[in-house]
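Next come two complexes, and both contain subunit A; in the first it sits with subunit B, in the second with subunit C.
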Partner chain A sequence: MPTNHILPTRVYYTIFAILMLCTFATVLIAFFDLGPLNAIAALTIAVFKAVLVVLFFMHVRYSTRLTWAVVAGGVFWLGILLALTLSDYLTRSWQTFG
Partner chain B sequence: MSTVLLPPRHYLNDGYGVRSWLLTRDHKRIALLYLAGVTFFFFIGGAMAVLIRLELATPPGDLVTDETYNKLFTMHGVMMVFFFLIPVIPSVLGNFLVPIMIGAKDLAFPKINLLSWYIYVVGGLFTLYALISGGLDTGWTFYTPFSTVASTTNVIPAALGIFITGFSSILTGLNFIVTIHRMRAPGMTWFRMPLFLWSTYATSLINVLGTPVIAITILLVAAERVFHFGFFNPAVGGDPVLFQHLFWFYSHPAVYIMVLPAMGVVSELVAAGCRKPVFGYSFVAFASLAIAVLGFLVWGHHMFVAGESVYSALIFSILSFLVAIPSAVKVFNWTATMYQGAVSWETPMLYAYGFIGLFTIGGLTGLFLAAIGVDVHVTDTYFIIAHFHYIMVGGTIMGYLGGLHYWWPKMSGRLYNEGLAKLSAGIIFIGFNLTFFPQFVVGYLGMPRRYHAYPPEFQVLNVLSSAGASILGVGYLIPMVYLMWSLRYGRLAGSNPWGAVGLEWTTSSPPPTENFTETPRVTWDAYEYPASVETDVA
Partner chain C sequence: MLPEAAHHHPAGLAHQFDNLEQQKEAATLGMWAFLTTEILFFGGLFMVYTVYRSSYPDAFAAASHELVVWAGTVNTAVLITSSLTMALAVHAAQLGQRRLLIVFLLLTMALGCVFLGIKAFEYYTEFVERHIPGLNYDFEPKYFRNAQLFFSLYFLMTGLHALHMIIGLGIMAFMLWWSVRGVITAEYYIPIEISGLYWHFVDIVWIFLFPLLYLIGRHAH
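And now, the complex of A and B:
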């Protein structure tokens, strides 16, 4: 039964180790100036970590379609927040009227 | 008329004493706990409004100092928005009705339901303490960088109080969503549900999707104040407009958290008051969902003059106009329902008429504000104040009071004094318009909001508004009196005093703790009134 899936603790420890490694990587990368890639690198690692937490710690990987739909809805709404906010920030430097 | 008797066993006599209330898991008792809570915060917010209108009766700032005035309107806004308007209909009428309307014994998570009441009360008292012990002067909007850098008042305690209360909204929303998905009685399909449930469902989606954003935003404000991070303070690399984006991402949809449930109530009132099914049921149902989704796409209309890019403003302006479509669908469908109906003039219906009129004025002036050119002219004037009070007070409170009167016989088992109820509905309608209509005019003429003094030429309109506020105040006090009175002395209502259809009217008044003696089987659509009542068209 997917909803009652019980994982061996080994999985949690592995995920935790990966998360710590990623944190270490984020700190490490912060010491190098990658120019415009600075934010991209940090955010990529952060998103990867978030996905791991959602899939394993929050058990979504083993959950029903309804749970997936709820997660997808949340991510979509985050997308709305980001997209429309960026519609402001990315167009501020454009030629304005008058 | 046969004699009506109280049922021998109902939720109000199922246990007495403080413990039986404070530890109850019965959604109906929790609804009454919320009723006490929201009424308490309503009168606190109302007292602040009285002081504001007293100050504004004369042009000079002579009643309170400017700083006290800042704290008064902040306290009025915080109390009314977060502790009255947002929770009121879902937590009182929703809690009472959602399980009964779908034929369930209770909500899906009764303990979480009680927990959300405690969270609400703790958050409310926390905020109240913050406001009384020194107060808050940022306005209910907490705009940065003032709130994070400059204000010397209780920003963090008030922010934490609102943060805490947010969890109450989220939990109630979650509870309603799960209940409506999982607990419907046999035969109660989605499209047989009363429209109140569609709007409650849509509201719950907004609660669950939006509230976390305001909670985090308000934590960021607290963090910036304490640790001087550069989120919003431009001096350390932040952007003050980012706060406004995050704040309004929740706070514009919050308007629909307030008004969607009121729309749901009005659908019920119109159907029962006209003895007809609501015209275009599925359009009204989907309009609720459309409003919930579109409501998340328009927040930038609060920021047209805040340094938002023109291109972004254009997008937000167009999207804001779109919200008018599902809103208008509802207004037209209610009107079409009334057409050739046996229209009633009882109290709940008076509030429904009031709602439709006031919501239409509030909605149409919203179109003025979606137009960037007009908005630039009236931003931060009393025109805005008038507009959102028409929606949030004219809409939400009319819906709430209409629903409270309609379901009061179900909740209490007794009837209130119809004459007094009609009188106070009239007083509220007149008082409301006298309070807020002059504010459209004075705002258009250029009177800014949030000042305690103003030029003498605005006095006539302000005196009208203050006079209206005192009438409105009386209108709100009268129902308090006759509803309390009816609890003891009111005539017994019987299970269906309005002759309405709907599962809630098939059980006794007040209902038993488990709502129905046996689980209902639904074989009919919502609002199936006997055809004989309809007027002969030919």
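And now, the complex of A and C:
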């Protein structure tokens, strides 16, 4: 893996354009009442934007496997934080029968 | 003590590394290890936000509706643009284009200052509209108590984000100084790359803060 992997600048301009379009889309969607889909759409777009920034602006796409593992580990631990906490809070109001 | 001429020693290469490539790998890994702690730091706050928003969705929507949505949208565009100029600064550094590197670092810092300026305007607006819990808080009686949770989280999360921006500006000022002095070369551009990782991370935090804080009440009220 070459350490000084130099990307052509058009990659950065393309990612920038996509990020701006996504921002426009997320604002536009927020003004329509889609019920629970509003939150899902907003988070999906945000995750997509974050992935683009990580892969291209932060060069993780061109990094070594060890860096990939650390990045994935960070996201995985965030997943543990969210999943285990929500498994408590979102189930507190569940009824028990019998 | 080894004599200086014992081995070729590129500028910027620390003694514990075999070569610049290994040094860059270690620096990148170290920065990502730090950013992992940052992911979990902000992740905890997003967790609190999720729990309270799921408990009081109507109060959160009503409170979110009070934020200045155009300011948040403009600031999102400003930060994304600053990420572009940061990426272009790294690109210029990789090619050893010192003048271009300095221009892009200055642009990145200028956009960071614009962001903080708009943020200050927003905080001032929230102060005038009495949205600051513990200071001058007031809200419609129906949501008086629970909207405070939203505004507390709003100020805590955007405040910590703004603090990261200020630290980022400090790092960029340092990088600018190094670039002007000629410390940064095509061979030794690692500091710009690593500073960029920090800047982009702060951008990512805002990418999540913006829809979750500003946009949840847009259609409802």
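Keep this in mind: the second predicted complex is superposed on the first by the 93 of 98 C-alpha atoms of A that agree within 3 Å, B and C clash if a C-alpha of one lies under 4 Å from a C-alpha of the other, contacts with A are read in each partner's own complex, and residues count from 1 in each chain.
We adopt the following convention: a contact is a pair of C-beta atoms (placed from the backbone, for glycine too) under 8 Å apart; a residue touches a chain by one contact, two chains touch by 3 or more.
The shown structure was predicted, so the numbers you read here are calculated from the model rather than taken from an experiment.
**Student:** Should subunit B and subunit C be called a clash or a fit once both complexes are overlaid on subunit A?
**Tutor:** Subunit B/subunit C on subunit A - steric clash.
**Student:** Counting residues of subunit A in contact, which comes out ahead: subunit B or subunit C?
**Tutor:** Looking at subunit A, the partner in contact with more of its residues is C.
**Student:** Based on the superposed arrangement, let me know which partner A:73 touches: subunit B (first), subunit C (second), both, or neither?
**Tutor:** After superposition on chain A, A:73 lies in contact with both partners, subunit B and subunit C.
**Student:** Between subunit B and subunit C, whom does A:58 touch in the aligned arrangement: first, second, both, or neither?
**Tutor:** second
**Student:** Output check: A:14 vs subunit B and subunit C. Expected answer is one of first, second, both, neither. What do you get?
**Tutor:** Once the two structures are laid over each other on A, A:14 reaches no partner at all.
**Student:** After lining up the shared chain so the two structures overlap, which partner does A:91 touch, if you call subunit B first and subunit C second: first, second, both or neither?
**Tutor:** First partner only, subunit B.
**Student:** After the superposition on A, what does A:81 contact: first (subunit B), second (subunit C), both or neither?
**Tutor:** Both partners, subunit B and subunit C.
**Student:** Given 77-85, 113-121, 149-157 or 167-175, which part of subunit C has C-alpha atoms clashing with subunit B after the fit on chain A?
**Tutor:** Of the candidate stretches of subunit C, subunit B runs into 149-157.
**Student:** Using the superposition described at the top, list the residues of subunit A that contact subunit B and also contact subunit C.
**Tutor:** The overlap between the subunit B and subunit C interfaces on subunit A comprises residues 73-74, 77, 81, 85, 89.
**Student:** Residues of subunit B touching subunit A in their complex?
**Tutor:** 209, 213, 241-242, 245-246, 249, 296-297, 299-300, 303, 308-312, 315-316
**Student:** Taking the complex as given, what residues does subunit C use to touch subunit A?
**Tutor:** Per the stated touch rule, the residues are 20-21, 24-25, 28-29, 32-33, 35-36, 39-40, 43-44, 46-47, 50-51, 54, 69, 73, 76-77, 80-81, 83-84, 86-88, 91, 94-95, 186, 189, 193, 196-197, 200-201, 203-204, 207-208, 210-212, 215-216, 218-220.
**Student:** Quick check on the complex: what are the subunit A residues that touch subunit B?
**Tutor:** Per the touch definition, subunit A meets subunit B at residues 73-74, 77, 80-81, 84-85, 87-89, 91-92, 94, 96-97.
**Student:** Under the definition above, what is the set of subunit A residues touching subunit C in their complex?
**Tutor:** 3-4, 6-7, 9, 12-13, 15-16, 19-20, 23, 26-27, 30-34, 38-39, 42-43, 45-46, 49-50, 53-54, 56-59, 63-64, 66-67, 70-71, 73-75, 77-78, 81-82, 85-86, 89-90
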